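What follows is a structure written as structure tokens; I'll ask about it next.
Order of writing sets the chain letters: A, B, C, D, E, F, G and H. Residues in each chain are counted from 1.
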Amino acid sequence: MTPAEPSDPGEQPPTLHVPSGDARLDLDRARRTGDPEVVFGQGKTPVQVVEILAALHAAHPDRAVLATRLDDAARAAVRGGLPGAVVDEVARTALLGPVPAPVGDVVVVTAGTSDLPVAHEAVVTLQTHGAGVELVTDVGVAGLQRVLEVRERLAAADVVVVVAGMEGALASVVGGLVGSPVVAVPTSVGYGAALGGVTTLLAMLTSCAPGVSVVNIDNGYGAGVCAARIVRVGRG
Amino acid sequence: MTPAEPSDPGEQPPTLHVPSGDARLDLDRARRTGDPEVVFGQGKTPVQVVEILAALHAAHPDRAVLATRLDDAARAAVRGGLPGAVVDEVARTALLGPVPAPVGDVVVVTAGTSDLPVAHEAVVTLQTHGAGVELVTDVGVAGLQRVLEVRERLAAADVVVVVAGMEGALASVVGGLVGSPVVAVPTSVGYGAALGGVTTLLAMLTSCAPGVSVVNIDNGYGAGVCAARIVRVGRG
Amino acid sequence: MTPAEPSDPGEQPPTLHVPSGDARLDLDRARRTGDPEVVFGQGKTPVQVVEILAALHAAHPDRAVLATRLDDAARAAVRGGLPGAVVDEVARTALLGPVPAPVGDVVVVTAGTSDLPVAHEAVVTLQTHGAGVELVTDVGVAGLQRVLEVRERLAAADVVVVVAGMEGALASVVGGLVGSPVVAVPTSVGYGAALGGVTTLLAMLTSCAPGVSVVNIDNGYGAGVCAARIVRVGRG
Amino acid sequence: MTPAEPSDPGEQPPTLHVPSGDARLDLDRARRTGDPEVVFGQGKTPVQVVEILAALHAAHPDRAVLATRLDDAARAAVRGGLPGAVVDEVARTALLGPVPAPVGDVVVVTAGTSDLPVAHEAVVTLQTHGAGVELVTDVGVAGLQRVLEVRERLAAADVVVVVAGMEGALASVVGGLVGSPVVAVPTSVGYGAALGGVTTLLAMLTSCAPGVSVVNIDNGYGAGVCAARIVRVGRG
Amino acid sequence: MTPAEPSDPGEQPPTLHVPSGDARLDLDRARRTGDPEVVFGQGKTPVQVVEILAALHAAHPDRAVLATRLDDAARAAVRGGLPGAVVDEVARTALLGPVPAPVGDVVVVTAGTSDLPVAHEAVVTLQTHGAGVELVTDVGVAGLQRVLEVRERLAAADVVVVVAGMEGALASVVGGLVGSPVVAVPTSVGYGAALGGVTTLLAMLTSCAPGVSVVNIDNGYGAGVCAARIVRVGRG
Amino acid sequence: MTPAEPSDPGEQPPTLHVPSGDARLDLDRARRTGDPEVVFGQGKTPVQVVEILAALHAAHPDRAVLATRLDDAARAAVRGGLPGAVVDEVARTALLGPVPAPVGDVVVVTAGTSDLPVAHEAVVTLQTHGAGVELVTDVGVAGLQRVLEVRERLAAADVVVVVAGMEGALASVVGGLVGSPVVAVPTSVGYGAALGGVTTLLAMLTSCAPGVSVVNIDNGYGAGVCAARIVRVGRG
Amino acid sequence: MTPAEPSDPGEQPPTLHVPSGDARLDLDRARRTGDPEVVFGQGKTPVQVVEILAALHAAHPDRAVLATRLDDAARAAVRGGLPGAVVDEVARTALLGPVPAPVGDVVVVTAGTSDLPVAHEAVVTLQTHGAGVELVTDVGVAGLQRVLEVRERLAAADVVVVVAGMEGALASVVGGLVGSPVVAVPTSVGYGAALGGVTTLLAMLTSCAPGVSVVNIDNGYGAGVCAARIVRVGRG
Amino acid sequence: MTPAEPSDPGEQPPTLHVPSGDARLDLDRARRTGDPEVVFGQGKTPVQVVEILAALHAAHPDRAVLATRLDDAARAAVRGGLPGAVVDEVARTALLGPVPAPVGDVVVVTAGTSDLPVAHEAVVTLQTHGAGVELVTDVGVAGLQRVLEVRERLAAADVVVVVAGMEGALASVVGGLVGSPVVAVPTSVGYGAALGGVTTLLAMLTSCAPGVSVVNIDNGYGAGVCAARIVRVGRG
């Protein structure tokens, strides 16, 4: 950017030349971390989402690129402009390019129906990052027999991603049932004392079960990356 | 869910098969707790609300099923699609199926007019769960003679549910007048330092009157379940 | 209190006559609520605790009086000065006078060993208020089989008092197992994100299980009064 | 302060000449506001308290000077060093010099015994500032008949100062009974959800009764100044 | 309310008879406190506002009734339905009936232009309650000479109401300039760290100037009632 | 403002004469501080923005005047009504009048694309206040090589303004790389635990790198003023 | 527990039989999770710590048992009473019994010296749970070259545990440098706006680098368990 | 660190070889930033403080090294062990080695006596970093004439450091009086709603005066570094 030139009184003020929109892409990321590129769609226009996805896909057609947090308009634009993309209406994601062969066994488990969008975001992220994944839904602890029914499945997984809102007790219950790492995702499901997910977040962080680590509220993507990296450990 | 298959570069990425909407219903709840099923309407579409209510009613036509937190569209859909349902415009609820004969004597008492929706939700929940209930309104402590006028009525109840916003002082005043359990419901009525009901909640929790327990902000349903269970105690 | 008199410059300022220590006792409470008198020991000197207990006991030797939150010095003073008192070292309470015959069946259940002082305070309060009570300890959800082992006992109780710290998940798990009222007591057990019990409190308030109401942090006494009043409901 | 001089390597570094303890006294305050000088004792040594009191008294022997928040050592030092001072053990204050003739009628009312130190601080402040004052104690709303018994006395006052901890409901109850200004002082009495007085403060600020204004937690002095200024209004 | 009757399976569930909208008006308030009736308009429909105002005015045509927090629709409805009402577009109030002759001298002072709606609400409330009032605007401390210019006017007032947002420093500055009571109203003007007025509120409560008491955020009405009551003190 | 006159019962209530909109402009500011006038556009109508800009420009056509936080309508109004104004769509500002010749060298650096509006506001403010400025974008620490690439440029600046959201780590990283003052601007970019920028703000304040000071969330204007004043230091 | 028996007035009240200290040990944990038993020493007496360690060691002499959060007295008691124990003065831990052969490669990295106790707790936990571990200290981002110097070492690890206080920026920097899972431990190192570690915690949760998950403040033990479980993934 | 070796059951567990105390000093800092080394004394033993100071002084006897936050024992140890050190009892600092010749003109200004320790820490830091500095005390805004008396002195400074607790209004008042950069240091002076300095911090961040930036609570050192760097700008 060129600093504004000195100017005489009365003269037309100089036009500002602040550049905008020229994102300094972190093109080194795949080499450095092994993860694919991901576009955070929130705050971007539908046109921007389509353009960025298309550009990244053109740059490396053999690798997947994922866009998350796409609103209705953005998903429609992707459907219209990028016929090869896989759009997930629940996860609010779009995926372009081939996903890797799945490795390992991640189970994503939810407490209630309202947690599904976040859980789907985790599932799609895991698939994009090359992890094997299964989704198990509606095992909230208010009906404890439900989580007990899937106990063996949880214990067999390499990693369990727990997606829950409200008091998030499912993270502790699962953490006490398995010996594998548990990644907990608090959701903003709840009201009042749930404080938009903050209570859930803090409760999961104080879980009485060891082996539980936590990501940000509604951050299904972050949990997916964590779990995908975990299943790569020990497998070269 | 089937994990995504390995795929070749350039090939169409696999369609994601994450199932959605297949709620794992807690069908065991009535047997385990004695409570009817309740549908939390917030975040559900009108169509979903109608379908779930219809399905549950069909599964056990002799028991009531309640839906709460229904917005205008959902209530209209229920009126249109389920003529047998009783819709309460203040409580924002819909009730399908016969309610049990009322047992016990619960008084729901409110501080101000703005607390009525929460109080009505508590009343409908109590009726649905088989408790006898009376509603007493507008006895906020700023005009203390009002609560003193209903003092005998409150003292005669098995349980008192206090619904109040702002500083929630009514919970302490009622707690000092009666010897029965008091279930306090903080409401989000107020502004500024009321912090959306959080101040009311914390104030009720620090009540100088013993015998007061508290539920979440605006949780008329939760208070109703608590009170309904209390009146069953000692009555088999 | 007599207001200070006018005074001339240079004269000795008047002595202030603010009375202190003459508590306006709520002697009507037993008649109004049916509950015994309770002395909140925190902030009182050992001498004050002994004197108040002795005075109340002398006023009605046929009813119990309870003192809570007694520190080491106060408990020692009670032991020395009031040989008839029952001092509980875990609950940090002292009880003087006969307790009523127990009515009903309350189970107090704890998540971990550190929750015991609060649980004992609840137990002693229940006994003082005439409720039958049993204590079940160490059933935290990190080892889920423990709470499942006592499932039948919990389901048989009139009321369950859940005492837990950290994320307080036990309240939700118990709330999903029983159909009776659950009174949850968050404890300040935990550190960091537990925020001195505030996280536990908020988590319990957002429990996914209905029928759970909550009292203040570490308030075993308050939970005891709630539960004791509940078991009186329907029993005249 | 003289800035440090330049210095050669190896030379002894200059002594720092930062002055300390030379308070820039606001000697104009009495003329500007009509209030006497007050020494905030917290954080000052006993010696400092005695010296400042002595100096201010010497400067104007015909006016009172007040010291607040004196710990045990400071109060003992004042008793030893300033025989003419009136030390209040409950209020933790010391007063030197003649107080003005009392004007008006302020009632300071407390919810419980633990609120007495703050209430006494308000009373002493009022006397020092020339207001007539009476203290009424232990009328917490958990036993509502107590505040009703003093209703006429409260209604007759020019101003009522309400001192209460926990949920602070007394402020709302008094605010609904009188037509005079109410100054509410939240105290840090309470635990857990009381958040060290913050809940009390916020609850009083959201009082449903108009005419209530609030000062800082435990700020009996501030409430006293407010009330003393109020009784001067309209009296010249 | 009549409790729901027992019902047979299959039968139409009883219609709920929960009454709504029948506010228990505190008609005794004027006699008890001397204040006029005030309708809090937030959350009420335009029709409700007009009806309540009309009813109260009919009940006592010789006393003013005030409605606050009226949105655009409500103000339009009042203009249309109650030609005798005085509607203030800045204060968002409507006033019906004669106001008392003004007594005393209150100055309402604002920091910035954005504080005007709250300040106007205070002014109208003061007029309705019979207090003499003058409004002084835009004396925020960022340009200190502005408040110094009005220093004499502030010092001459019986009471000063300070309306300010952001850090609320004006309350401390005014509190240091006058010897009369200061009622501070924090406004929600500001962003980010202002936390919707909470920072302003807390800052005013910790003011270094004595004699300042505080009301809720944006509560011009509450400050007006406080100040109006203060000017009545000592004037019978 | 003229206080309302006394009125007889039944008479039409007096019209309120509360003045509005007559802002007491701080015309002395330029002389006192050397800074140009700035109009905070938030909460002002497009018409008000245009009128104030025009009036200030007419009063001193040889100095720049800046308006910030202009919404779409306000920017359109300025474009239409003030052809000489420079409107920045990213910064959401309008500038009227000649800017001073730039002095010094400020670098404004951003972590991500979403931080651009705040960064542009800082850049425009700096230009308006006569500072030389360059914008460096997208050097968030998740791809550390990006900030290392511009390390020399940052170290050469007189001042660095760091604009970042989320955890704001860029402030610490830059603070550790340079010896010049760093002014950090937390942005509200982020979600969940970012708490609308509060976490970013607090994190920047606890930066492990010395020499970093912080302004309010999203306050690009404030950071610009700070940096512009800093570059004037030592240059007369 | 036997409920108190009914009693006659005047009679000695029954002794309370509430059991204490009989912890319901989760003996199934090793089988269920593969983790060794760990004793949380905080709040336990030195005698209790020694007894529990001895008992667990006697029950399974071929497996390690770990005690954490031991204060000075507890560590001294272990040294005196359990000569075979390995006591770590920095980690404040005691370890009894043989540790497993180490598997995998965990790097624990700290920002500053004050973070060492938490880092050591993580290291000891990792060793006890059978993970290979190396500690790298003092690479806080205020001196960025330090973390760059160990960049290759971090990139080679299976898992990186980042231990940092204050703003916790090290988590983001490391998260951007490696492709392995990062477990972040916020510490309570810092003051003021660090809020006892809460700011650090929230900042780490909003890290701009993906692949970072977080445990509770100062929870070196929890991070150790997470990392130990991660290195077992894919290795049978 | 060498990972623990595999071990046989029954064998003595290996001694842990976690290194401790070997701080990775940032020796490059002076070259990179121009600032001297500073030892943060909090949490270090007196012996550690003396040793580190001695070592750093030996490494570069011609440059100053500063230690801050030294408690009584540490300051005594420095006096005993390092006779050449300058210990400041108010600032709680120790300085070893020659300070640079002072450049520029910084004024450090305090609101009250209790702010002096933080102000002295800023002064000593400024001297150590080579800035000219003067301390002006006790100009809190409750007595506004005090700050007006020093107005010219403040306006003449290159930078003003404002040190204030409670509501921190002095920052806004000074910010409105000068055109130079203002660095504000909130102190933890205050109680109740001051929230240990958090209110002061937030209030300063929302200051209505532009040109004010803020450092952490009680961070006199940080403010000193900021101001020292600012006076170097434009002076080469």
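Remarks
By our rule, a contact is a pair of C-beta atoms (placed from the backbone, for glycine too) under 8 Å apart; a residue touches a chain by one contact, two chains touch by 3 or more.
For each chain, UniProt lists the protein as follows: A, B, C, D, E, F, G, H = Nickel pincer cofactor biosynthesis protein LarB.
Note that the coordinates shown come from a computational prediction; the quantities given were computed from them, not determined experimentally.
Contact with chain D and chain E alike is made by B, H. Both chain A and chain H are touched by F, G.
Of all residue numbers that take part in the contact between chain A and chain B, under half occur on both sides, making this a different-residue interface.
Ranking every chain by how far its Cα centroid lies from the centroid of chain B, the top place goes to H. Between chain D and chain H, the superposing rotation on Cα atoms measures out at 90°, rounded to the nearest 5. Its interface matching that of B-C in over half of the contact pairs by residue number, D-E stands out among D-H, A-B or D-E.
With centres defined by CA atoms alone, the chain at the far end from chain E is G. Rounded to a whole number, the gap between the C-alpha centres of chain C and chain G is 33 angstrom.
Taking each chain's centre as the average of its CA atoms, chain A and chain C sit 45 Å apart. As a whole-number value, the distance joining the C-alpha centres of chain E and chain G reads 54 Å.
Multi-chain contact residues of chain H, defined as those touching 2 or more other chains: 32, 142-143, 176-177, 192-195, 201, 205-206, 210, 216.
Interfaces, counted as pairs of touching chains, are A-B, A-C, A-F, A-G, B-C, B-D, B-E, C-D, C-G, D-E, D-H, E-F, E-H, F-G, F-H, G-H. Residue ranges on chain D touching chain B, taken from their complex, read 111-112, 140-144, 148, 166-169, 171-173, 175-177, 190, 192-195, 199-200, 202-210. For chain C in complex with chain G, the residues that touch the partner chain are 61-62, 64, 84, 86, 88, 90-91, 95-102, 113-114, 116, 120, 123-124, 127, 132-135, 137-139, 142-143, 145-146, 189, 191-195. Within the complex formed with chain B, the residues of chain C that make contact are 32-35, 38, 104, 158-159, 176-181, 183, 201, 205-206, 210-216, 221-223, 225-226, 229-235. Across the interface of their complex, chain H is touched by residues 1, 3-16, 18-26, 28-29, 32, 42-43, 186, 188, 196-198, 201, 216-219 of chain D.
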